[in-house]
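Letters A, B, C and D name the chains as they come in the text, with residue numbers starting at 1 for each one.
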Amino acid sequence: MTSTPTATRTLIDVRGLTVAFPTDRGVVRAVNDVSWQLREGEILGIVGESGSGKSVTARAIMGMLRSPGRIDSGTVELAGRDLLPLGELAMCAVRGQEMAMVFQDPQAALNPVMRVGDQIAEALLVHGVAKETARARAAELLAQVGIPDVERTIDLYPHEFSGGMRQRVVIAIALANKPRLLIADEPTTALDVTIQAQILELLVELRRDLGIAIVMITHDMGVVAELCDRMLVMYGGRVVESGPVAEVFAATRHPYTHALLNAVPRADAGTEALPAIPGAPPDPARLPTGCAFHPRCAVAQDVCAAERPELSARGDGRVAACWVSERGGTVTVLPTPTVRSRSVPASSTPILEVTDLVTDVGSRSRGLFGRTPPVYAVNGISLQVAPGETLGLVGESGCGKSTLSRTIVGINRPASGRVVVDGRDVTAMDRAALAQVTSTVQYVFQDPYASLNPRRTIGQSLTEALGVAGVTGQAARTRAAELMDRVGLNRGHLDRYPFAFSGGQRQRVGIARALAAEPKMLICDEPVSALDVSIQAQIINLLEDLRNDLGLGYLFIAHDLGVVRHLSDRVAVMYLGRIVETGPAEQVYGSPQHPYTRALLSSTPEPETGARDRERIVLFGDMPSPANPPSGCAFRTRCPIGPLHRSGREICSRTTPELGVTPAGQLAACHYPGEL
Amino acid sequence: MIRFLIGKMPSFLLVAFVSSVIAFVLPRLAPGDAAVELAGPDATPELVEGIRAELGLDQPLWQQYLIWMGGVFRGDLGQSYILGRPVTELIGGRLESTVELAVLATIIMIVVGLVLGVLGGSPRSTAARSVIDGFNTVFLAIPPFLTGLLLILLLGLAIPLLPVSGEIALFDDPELGIQYLILPAVALALPQAAVVARLLQTSMLTARGEDFVDLARAKGARPSRVTRKHVLRNSFGTVVVVIGLRIGDLLGGAIVVEAIFARNGLGTLAVTAVQSRDYLVVQALILGAVLIAVVMQLLSEIVLAALDPRVRLGG
Amino acid sequence: TSARNLQNTQGERIEGGTLTYAIALDARPAGLFQTLARNNPWVENVFQPLVRLDATTRAVEPVLATSVDISPDGRTVRIALREGVTFHDGRPFTADDVKFTFETTAGKEAGSNLGNVPRAFTSIVVEDPTHLTVTADAPLGDALFDYLNQTPIVDPATYDQVADGSELNGTGPFRFTHWQPGAGFTLERYDGYWNRDAVQLQRIEFVVTADATALLSALRSGRAQLAWGLTPSDARPYFGDDRYTIIDAGGTVYPLGLDTTVAPFDDERVRQAVGYALDRQRIRDQIFAGTGAVSSLPFPVGAEGVPQAQVDHYDYDPDRAREMIREAGAEGARVPISYGANPTVRAIFEVVANNLRAIGLDPVGVTLDQPTFQTGQNQGELGAAWISLHSQITLAPSTIIDSIPVLRDGNPSKVDSPEFESLKAALRTATPGSPEADAAVAALGEYLIDQAFLHPVVQAPEILVATNKTGDVGVTMRGVTLLENAYVTG
Amino acid sequence: MTTTDPTTPVLSAEEPDTGRRRIPGARYLQAFRTPRGMVAAVLVLGLALLAGLAPVLFPGGYDEQTPDALLPVSLAHPFGTDELGRDIFVRSIYGLRTDLALVLYAVPAAMVIGTILGLLGAVAGWLGTLVQRMLDIIVGFPGLILGISVVLVVGTGFWGLVISIVLIGLPTFGRLARQVLLTQQNREYVLAARTLGIGRWRIMVRHILPNTLDPILVQGSVFIVQAVFLEAGLSIVGLGIQPPEPSLGSLLNLGMRYVEQAPTYIIGPIVVLLLLALAFSLLTDALNEAVNRK
């Protein structure tokens, strides 16, 4: 991997870019006086929390602002030519030809009614390439971005592609005219780590082989650390710090960058409380005075609230906008982590015990005749959770994590197996069993926006939950207020509607509601994956506190290995409806025995520049559909040590491996555990 | 496709069966029957009884139903009680008038609806957009009969350009026929066209906000191409479904429009048949209407599947 | 001829032309003997009766019969038939056909409203192909001629094909062809017609045009030369326009009937008060465009033996009516009035209701669709009050009493007193035109006025509207269109 | 409970009220804040007042017959007189009154029954499917034919119309409610309520029903216009409100006979119908806007 760019000419020069959105709440300056340059062949990472203006910057450069956005001032020079005065038709000639863009959501970025080949060819056609040539080149491009079997796949429609393949197609479209600049707006956010690793590898190859300059927009510090040459941190529509990645990671010059880096839980880190950034990202319509970050800043001084710091040089090609660092102060102060008193119970009886659980999500009646064939999204899972213990569950999207948790709380019906809650068999999920489940196990949902009824106040949502637990009237009101305190919300906000809260605050409400029934255990289904890192850390801390104070057991689901590592005592890794590896967290993370676990760990980008050159295992392809799982070991189709790579391993396609004790101590379901 | 049709069979048959029962029972629930109508205004009760026996109306209902259904399967819809003619012949005689009206109205609906929808769904000056919106709002709000009456007042009486009443078969005299057809067809089509236009417009505006449109722009595609290849292509699905449904509505609207423009179509036949308790005619018409609606629905599903590769013709 | 023709015609007469006749209602051959108004435009151009009665004088004119001789006791009738008459299929017309027609109409299925006449025949004897004799137990009065006048002679061989219109084999000047039910049909000249030379037209095209506006526009645009089914008020703009001729075509009586067994009409004073309450003149002016006649009796105005005083008896006098209602203590009585869904009847209802409200009653309308109304009428159950219509107003009083359901036995007024029965019987058996007959009519009239259970509102003419592109359109007493001599001009 | 700082709410102090609990129904009042909504409100109120006060404004009633038939437009008779010498303006206002009364019965009935039918699927899946099939069949019938048949069975007049309108409206509301039900049933907050152990019935009333309210209400506003037009359609073929009581449709039915002699006869009721349609279309748009504003 090249870390020093060879070319030195400036490709794009953005100066003083200011973008405004006139809205009914006043003019929103989504991007304010942003300047940066990018040389040929370089990769620039733009990071920042949600709403900091990353996407708007990218769109402004492409001349594709959504209405009612307008560029108030600034210049954007691409190879010496100012793009902003160009008309729409002139921009059409530039877009796709000289610079191209990759969007976040590969599901939505392709026209569903057009063949992928045609969509790639279109990128050429509109720049004057002949039809036949365009098609031939489309096939070439598809092969280049690593799509197999091009002859056939070129005529498929996007819905016949998986998410990762679609993102490759989008990249192929971007590359069609060999542009010199590629703007990628969070190209991997919607993808699994394994797929993300594939895409990132592809981008690195492109830069190496074609010398393309890339603007990589992301909120993942790990991606920046692994991919980018230089980085730019945005906050409230402004650049707060920028510089070469290695230097910035080594010593930040802005407290925001610092906080951002530290709020990320790491797969290899210990379990002390995360240094969360308090509060929430600012509303761009109502930015705080002075330095927009000062209300959340640990080192803020009086001047920070009064006057806005300008960007100024900090040496090593770095700039930052911070009064503290400008005056030579240190910005790397972290809130002192509290020492946690944690009493991991010895081995009390488990609250939840699941044995050989199978769930069919496919069967439903179809018209008058017949049923659709069964789809086992959960296929023989056994696990248990003790009070005060956290079991982390990781796995790629679609592997059945949510289905498993929904089956436990009775939303889905188990097809076979046994669920025991607090010593009682509730597999039947009849009325009594459900009552038992709901009083013991509560659920925290992933999407803080969707899990609260927008028409009911927070207070109503809480009292409703309390009502089920038998607390009513004045007692319920008192208890609701206590719950608000418990999750760190202002009890005065009980009579507000969900829309008045930020995502993190809503997630706190969701947790408060789950606590209303005084459960012994919480199932948290990706409770933080929709949140910004800073908020994510807050919620993780809250969950940790609750567990320690109340002795709750957690089944904690996530696809972020760092988050799981941070919270869990034990970890289970799921693949295609089965647990492939499980054991104490240190063991699983420390010496993974299943090749899948190994691959997951190695695909996760670490926010450390030093990790760049580590050997990485990139899985190819996607997880098969649970509707027709492969025979034998379900992982064999992607396994780097499986029959596709090692001859003579027919056993993998014949026999489904059982979970067995491995030399390292944990359980793994692999015929060749620990080989990788 | 064949599989799809076979898969649809059971629900199709169910709908047909239930409709046939309703079509059979509904008119019979009303007081009076065809025998009374046949006997004439000054008839004696014995006469009515005699006619009733002769027509078989004194048999139990289920028996009458079975006889009717038996006939339907043999392609024989029975004889009109009142006119003594085969129902097929009666309907056949009126079919041309209604088909002419419906076909022309459908064409107008589609053309006007698409043109206005595309205009409204494309980026345009606010002035142009408000004109289109205004048109849509007005015609969405006004039903065919009001449009018809307004057209009569305007083009028939104030500026007498076109005949307002009566009809001439298109095949007998195309030039005159079309003149008689224009006003009722326009009256019938405009409100439906407004529905189509409004829907096309919204789905185009929605499509315009999709990521793939952004991607197309990022490729460097020109606005017109983006509209044509990406926005329009993705909006047609909804439009097809709507047009399918609207054609059913259009046939319903034809009843009043025929009454207003004094056309002798199936609508008029239906009204008189209902009023004179000419059961078999009513039954055939209702069954036909329901079947047309079902077929339109199937057709639009097929067209939809052709337009959108994500839609599979599954059972 | 019996046809009235006052036409104002322009242009050259076309030999063998085509006449287009716009009609509001389609033909219904199944009701051939029922004197349905909807058959009036065509029926006697295809089928012919034995005789016709003059519209005003009721003088008997020969058609298929050359003479009808009644014995002095009125019980034997000898009919001589025209020679050289053939049916449209070429078969000669004979006395057997007449006998068959008589026997058919005596059957209930034929639905003849004068079926009581042939049912009274005790024997029908065919003497030779052109002569037959009919005998009866009781004298055959005026009703016989009304019967002969309205009964078309049919062909026995094809009679069972009449109902569905597949074979209409008559003796008239035109053949019935190309029927498209609901849309129209065509009459073609029959070259074997016995009076062929009089026939001018080659073809008559009937176009069903249900809507009044459409009928008018068909005339105005010249697409049709003749229109049937317009009400006088529809045609009002054409009155006095010399491009059009309004032809009287028979008449209809619209009576308001009252049930004498239901309160408040079980009180004679209330029924009489209703008579005084009706503003017949306004109805005539507003609904019938000033055409038609008003009479207190359900007999034709000007019919023989009907005293003028009786005709004028119920003059519009709301004050008096109000007074009578007060006396009878019927103020505020709720009066449901049922009527069939027909625009003209509905308009009459509106005025009648308004009139009754003005005298202190509380009328409410009960709209029934045509079959429902007819069911009620036939079963004699129409509620406290109703408005009906009867198109046989041109019949002789002695025929009417057994013809229209609101007078005959089992009438919805529930009047069946012996007095009423004997008055009707006297009229039936009196020799037509004799002083006893006049006396019987007057006596019955007196009874009707006194009992006041049937208040004819208006006797309105049916009208034909013709353009000046046609001439010599004939109309019979009953309003049947005769196109035997009609022609079109270019 | 020490590490997490109390977070600042998204709402800042200057705007203390927006996030607070509001009086129920206030959302809908938002509809009348826009110019379009205000016009709608003025029109609807104006028409409703005119209709409601008709007996006060025109104490003579709708059946004041005079000998002056078919008079043209004049100051005394803004729309002229009809064939029986009645003032068409007065009759149009009374017709409006009839139509609004009809709407007042039929539309809420259709809304309530339709919604209940649509939500039946929550009781048992097969019941919901069955109801939908039945509604599909009703939809298959051309609206007017259904109306005509119903009117024939139950009789013409006010209640016949009410029943046909309700019947014709059922599928729209039933399908809409079912659609909401199906989407809501899979909403996370409904699942959340289920995992809390909240009973079906309560979830239905507290979570699903309120969400059906918006679309049903908007559709109700649309259906008001449709109901008026159904009345007119049935009256035009002669099966609507029976005389002498006027309705907008029966006025048109009568007036159509005189369209050449006295065009103003139908212009009057047409104007009122158009105003009514306009008023409720604007209302629909305004409601839609208010409901979709978050």
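In the analysis below, a residue touches a chain if its C-beta (ideal position, glycine included) is under 8 Å from a C-beta of that chain, and two chains touch if they have at least 3 such contacts.
Chain labels with UniProt names: A = ABC transporter ATP-binding protein; B, D = ABC transporter permease.
Quick caveat, the model's predicted, so the values are computed rather than measured.
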**Comparison of A-B and A-D (more C-beta pairs in contact)** = A-D
**Prompt:** Between subunit C and subunit D (ABC transporter permease), what's the gap in Å when you average each chain's C-alpha atoms?
**Reply:** 48
**Message:** Nearest whole angstrom, what separates the Cα centre of subunit A from the Cα centre of subunit B (ABC transporter permease)?
**Reply:** 51
**Message:** Centroid of subunit A to centroid of subunit C, CA atoms only: how many Å?
**Reply:** 90
**Request:** Give the residues of subunit C that touch two or more other chains, as numbers and ranges in rising order.
**Result:** 213, 216, 341, 369
**Request:** Could you tell me which residues belong to subunit B (ABC transporter permease) and also touch two or more other chains?
**Result:** 11, 14, 30, 259, 275
**Of all residues in subunit D (ABC transporter permease), the ones touching two or more other chains** = 152, 256, 259-260
**Request:** Provide the full list of chain pairs in touch.
**Result:** A-B, A-D, B-C, B-D, C-D
**Item:** Complex contacts: residues of subunit D (ABC transporter permease) adjacent to subunit C
**Value:** 63, 65, 67, 69, 83-85, 152, 156-157, 238-239, 242-244, 254, 256-257, 259-261
**Residues of subunit A defined as touching subunit D (ABC transporter permease) within the complex** = 273, 276, 278-280, 283, 286, 295, 337-338, 406, 409-411, 434-435, 437-439, 442-443, 445-447, 450-457, 464-465, 467-468, 485-486, 488-490, 493, 495-497, 499-502, 504-505, 510, 513, 516-517, 538, 541-542, 545, 549
**Message:** Which residues of subunit A touch subunit B (ABC transporter permease) once you look at their complex with the stated criterion?
**Reply:** 62, 64, 88-89, 92-97, 100-101, 103, 105, 108-114, 122-123, 126-127, 157, 159, 170, 173-174, 176-177, 366-370
**Prompt:** In their shared complex, at which residues does subunit B (ABC transporter permease) touch subunit D (ABC transporter permease)?
**Reply:** 11, 14-15, 18-19, 22, 26-27, 29-30, 137, 140-143, 145-146, 149-150, 152-153, 157, 248-249, 251-252, 255-256, 259-260, 267, 270-271, 274-275, 282, 285-286, 289-290, 293-294
**Item:** Touch list for subunit B (ABC transporter permease) against partner subunit A, complex
**Value:** 7, 10-11, 14, 210-212, 214-223, 225, 229-230, 233-234, 307-310, 315
